[in-house]
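Some structures are shown below for you to check.
Shared between the two complexes below is subunit A, which pairs with subunit B and subunit C, respectively.
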Partner chain A sequence: MTRRRLRESLTGYAFILPATALFALMGVYTVGYGLLLSLARWNGFTKDWIWVGLDNYLDILYRDPALAPLVWDAALNTGLVMVGVPVLAVVAGLPIALALNRIRLLRNTLRTVYFLPFVTTGIAVFYAWTYVLQPQGSLNAVLGALGLGSLQQPQGFLGNPTTALPTLIAVMAWSSIPVAILLYLAALQSIDGEILDAATVDGASTWRVTTSVIWPLLRPTTAAVVLLNLRDALQGFQIFLIMTNGGPGGTTNVLGLQAYKWAFFSDLRPTLGLASALGWVLFVVAVLLAGVNLRMLRSRT
Partner chain B sequence: MRARVGTYVLLAAYAVVSLYPFAWMVSGAFKSNREVLAGGGLVPADPTFDTFAKTWTELDFPRYFLNSLIVTGATVVGVLIVYTLAAYAFAVLSFPGRKAIYAGFISLLFVPGITVLLPVVLLQQELGVLGTHLGIVLPFVNGTAPLSILLLTNAFRAVPASLRESARCDGAGELRTFASIYVPVCRPALITVGLLTAVPTWNEYVLSRVSLNDPSTYTLPLGLQSLTAMTSPEYNVIMAASLIIVLPVIVLFIFLQRYFVNGLVGAIKG
Partner chain C sequence: MRTRRLSSKILATLAATALLATACGGGDDASGDATTLEMWTFKQAHVEPLKAAAASFEQQTGITVNVTAYTPDDVYKSKLQTAAQSGDLADVFEVHAAGEDFVLGGSGILADFASDVDGAWRGRFVEGVADAGKVDEARYQRSLKPEAPDAGIKTGQQFSVPLTIGTFGVVYANKSMLEAAGLDPKKTPTTWAEFIAWLKAVHATDATNGGLTVGLKSPTTGFNWMLEPLAYAYLGKERYQALFSKDPAKAWGSQDGKAVLDLYHQVTPYWTPGTQNLSIDDADRAFAQGKSAFDLGGTFTLSAIKQNGMDPSEVVYFGVPAAAGGAQDKLDLAPLALTGLSISAQTEKTDAALKWLKYLTTEEQAGKFAQASLDLPGTELGADLLGPDLGAMTGIFGSAADGAYDPADVSFFAPAYVDTQAGETLVRMSPLNQSDPDKTNRELGSIVATSWQG
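Take a look at the complex of A and B:
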């Protein structure tokens, strides 16, 4: 019996060996390297690192008069994205899922159509949006044709400092709403039809049933949608890199983008340590979010 | 009846929102440069296939396309081999530390990409694979570890233990049980993981951009990006290139969408 168990253990280790080896190489090494680098000053080319202890963290968080404001502005923008994207995902995702759940005709076709923004997310779609949003772009033309000329943006939606960030939040939400729709739809289909029938027989209106029966039942789904989008909003910066690169005037700079710029577009300035430090600050925030996530999952069961 | 009409109006409106940039992508790709600059309507006044043909032949897109196929294919194969093996161990075998190692992999879900991006590039340099396809495939494979292990372990757990017992009675070893029973039975989960790996890898830009520096190694997203580095962006060419990237994904999705849907719902519930 014990021999059999030993054999099974060894087989188990053999089966996880490729995954663990890759993880040790990519994961452990990069985490260790990244942590060390966050304690050093380096431009990526010189041979030696200059050890600076916690200076990078203190500098980006409050001490350096040039760096700290940059980081806090980016943090504010990131915060706005973290509010805007989850709210839009719920506010748009739920009504659409409710509507989709009510129809038979075209349901599958529409679900496919709604899902395209999610599967195609990436540089190609972001360029298509840039094309649509530019000054001579179709959005301005469509607004003009609809008699909504006052909403047009002569500088383009991404060129105007006041509209750039809200526009990017909307495009980011456009990519993530499909998952919200999908999750809400799956949850709605698992709600017991008898509960809804009972409520309707009692004379409750559709609105009443939605707000006081369906909405509470969907709370775990809403929590999942919000947390998923919080995570993506905290970490995602690709859309900012591609569509505005932080502009105009830094109004769409977010924390991930700032770290990316310090890491790879520093022009020989010794900012690699700063990039690492900022990456770890983001990591701490992500872990806190994950903690909230776990607690909510526990309280659910 | 009025409620029904309202429902369809809402759904139609959101379908327009979903398709809006795709419609203009197609429209732009079939316009001439002059028409694109002038703006104009959705339907090209004088539709031309030239932009498409030019983008494909003159701008090295066949090579980018091939590179993307290589990188995506290698990543998918790597993920399926490495993580089906690991998931089998986590789901079926028992060994000391199993739970802790599993939890370690899953917790990687919460590490932001940007935190490890710079060290990954430094590691590529140290291993001598910076600028090569292997150099990006390794982190891509590792990056899918949490989701792949989660989905595959759940799928393997759902296989009845009696199947494994009967295989064992027939004298099959662990590797044979894995390859001839678990993998075929769980084929839908493998397809799901393959798709959830392939699509983001096909679209990946952030790491590729800072890893690959020789245009002959560029994948499609980098080829697309290099178009915009030219003096004035020619949106007809950019939209044609975007369409080349997006079309394979859309086709794949339309044919295999139930695997996407099951996978995503399973990942979030699990």
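Take a look at the complex of A and C:
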């Protein structure tokens, strides 16, 4: 019996061994490597790392007068993105999901249409948006044709420091709204119809049913939508790299982009450790956010 | 039972074959065919000219050269980094000269071939750039600072020879647009005021497409390519270099800084709309497509303009002109090595690699390369070998020893000075107009002062 159990255990371990080995190689090794790198000064090429302890963390957070302001400016922009994108995803995603859940005609077609931004999003789409938003791009042309010349941006929507960050937030939200719709639709279809019927029989209006019954029941989904978008807003930088490179004049620099610049665009200066340290700071913030979200989910469900 | 044994043998044979194949594949560069060289470049435009040279080189020597491009720059650097760690580097590289070559050399990725560069080979190169890939004492001393990226280099080592040369601070203008504005393209501006007058005249005829562009998405372009040459001509070498010094009375933030920024600010009304969001390639493309009348760049920009479909004969070009009343009446631009040819420290084919480098830098091959790529070669050539488009370009050059602006001279910057922040600060003044010269001057002063604290 004992021998049989041992054999079963070994078989079990044999099954998980490949996945464990892969995780050890791809996960633990790279994470450990990144952590060590955050304690060193290195440019990716020299033979030796110079160990600096926690200097990289202290420098980027407050100590270095050249580095810390960059990080805090980028943190402010990142914070705005973290507020703007989740809010837009919920504010636009929920009404569309509610509407799609009620209609019968063309429901599948419309679902496909609303989901298109998600399946098409990527580098090519960000380039396409860049062309749309240029001074001579189609958005300015459409605004002009509609008689809304006062809303046109002569420098382009990405060229004006006032409109650049809000525009990027809108483009990010555009690509994240489809997932929000999908999650809300799934949640709406899981609501027991009898609850809604009971509310209606009690005389509740459609608005009251939505705000007092459906919205509370969708709270866990909203928390998931917010968390997903917070994570993207915190760590994503591709859109900023491609569409503005942090410009104009540094007004759209975000933390993820700053880490990328220190890693790959610092004229081979030994700033990989700074990039790694900033990456770990972002990781800690992400973990804290996940903890807050988990607590919210627990307390409400 | 026999079937099981047979299966085991087949499996073992397959595994051994796979291992052997993997081993052979991985060791291709180190122990493979001695008559085949691998060359990597980061410039797509150089691939075809290099392949053409490789074809004739093979005919003469029997040595095959395979040329591969990895673009853009960050991809190339990552490729070098990972290949160096896995021992899978090419034999020969094109690298950014006078910077990247030292970083890679100090890291042990590039070979030091100083002893192979004899007087005859060195004598082929343009004066002033022949030793661009060689470590001098000043470079070595800077490499000892903690912030230096090229730690490990030693005085006298040589990690590259020049392949292409050029300079920054060259303005290109569309002839047709100049003529439409009533300007004579043959009489290019000789002073800053004349340049501003040209901008004003063309912009007045076409406010949408009649402006000046440069790839300000890389914010250092405006700072390095126009503000610095302008400051150098206006202040003279010593006062210009003092702008980046520790002395607050002479550095940015001083009256000298304000005077230069006032001049630069005169350009602000004439930028092409949205130029702050264009990459360098985008800006060159916009100019070639007639969306901008002026394009700020370097000697290398002519090649990009042609690649984007514009006939070089449709263009006039001139160096950033000096402002009247300054230290210099005329601004000459000293050539600097832009890219160099290097050899891997891991290759066992050093002799073949040296032959290839020497072949590429012969007058004949350098001439063919220049005409095909429209990039000025590091090899000294006559105008006949350069061709009509490039031949005239060399007129922009002057000698650093005679007072020409030398962008390769970075000896006066603080080791921790990073020009990106300075570039972004300048962009906020021009073209964004968010800041005036006074405020910009103070901010630049702060950036320079901070760089000396590092």
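Observations
FYI, the second predicted complex is superposed on the first by the 298 of 301 C-alpha atoms of A that agree within 3 Å, B and C clash if a C-alpha of one lies under 4 Å from a C-alpha of the other, contacts with A are read in each partner's own complex, and residues count from 1 in each chain.
Simple rule for what comes next: contacts are C-beta pairs under 8 Å (C-beta built on N, C-alpha and C of every residue); 3 or more make two chains touch, one makes a residue touch a chain.
These figures come from a predicted structure and were not determined experimentally.
In the overlay built on the shared chain, the residue A:Ile50 is in contact with subunit C alone; subunit B does not reach it.
After overlaying the two complexes on the shared chain, residue contacts for A:Leu22 are found with subunit B alone; subunit C is out of touch. Of the two partner chains, subunit B is the only one that A:Leu110 touches; subunit C does not reach it.
Once the two complexes are laid over each other on the shared chain, residue contacts for A:Ser9 go to subunit B alone; subunit C is not touched.
In the superposition on chain A, A:Ser276 contacts subunit B only, with no contact to subunit C. In the superposition on chain A, A:Thr120 contacts subunit B only, with no contact to subunit C. In the superposed pair of complexes, A:Phe264 makes contact with subunit B and with subunit C alike.
Looking at the shared chain after the overlay, A:Gln136 reaches both subunit B and subunit C. Of the two partners subunit B and subunit C, it is B that touches the larger number of subunit A residues.
By the document's definition of touching, of the two partners only subunit B reaches A:Tyr33; subunit C does not. In the three-chain superposition model, subunit A touches both subunit B and subunit C at residues 136, 264. Interface residues of subunit A, counted against subunit B in their complex, comprise 5, 8-13, 15-16, 18-20, 22-23, 25-27, 29-31, 33-34, 37, 92, 95-96, 99-100, 102-103, 106, 110, 112-117, 119-125, 127-129, 131-132, 136-138, 141, 174, 178-179, 182-183, 186, 206, 224, 228, 231, 234-235, 237-238, 241-242, 256, 259-260, 263-264, 272, 275-276, 279-280, 282-283, 286-287, 289-290.
Listing the residues of subunit C that touch subunit A in their complex gives 74, 77-78, 80-81, 84, 99-100, 103-104, 106-109, 146-147, 149-152, 208, 216-219, 273-277, 279, 291, 416, 418, 420-421, 424-425, 427-428, 431-432, 434, 447, 450-451, 453-454.
Only residues 3-4, 7-8, 10-11, 14-15, 17-22, 24-25, 28, 37-39, 41-42, 81-83, 85-86, 88-90, 93-96, 98, 101, 104-105, 107-123, 138-139, 141-142, 145, 149, 174, 178, 199-200, 202-206, 210, 221, 224-225, 228, 235, 238-239, 241-243, 245-246, 249-250, 253-254, 257, 260-261, 264-265, 268 of subunit B touch subunit A when the two sit together in their complex.
Across the interface of their complex, subunit C is touched by residues 41, 43-47, 50, 64-66, 70, 130, 134-136, 154-156, 158-159, 161, 243-245, 247-250, 261, 264-270 of subunit A.
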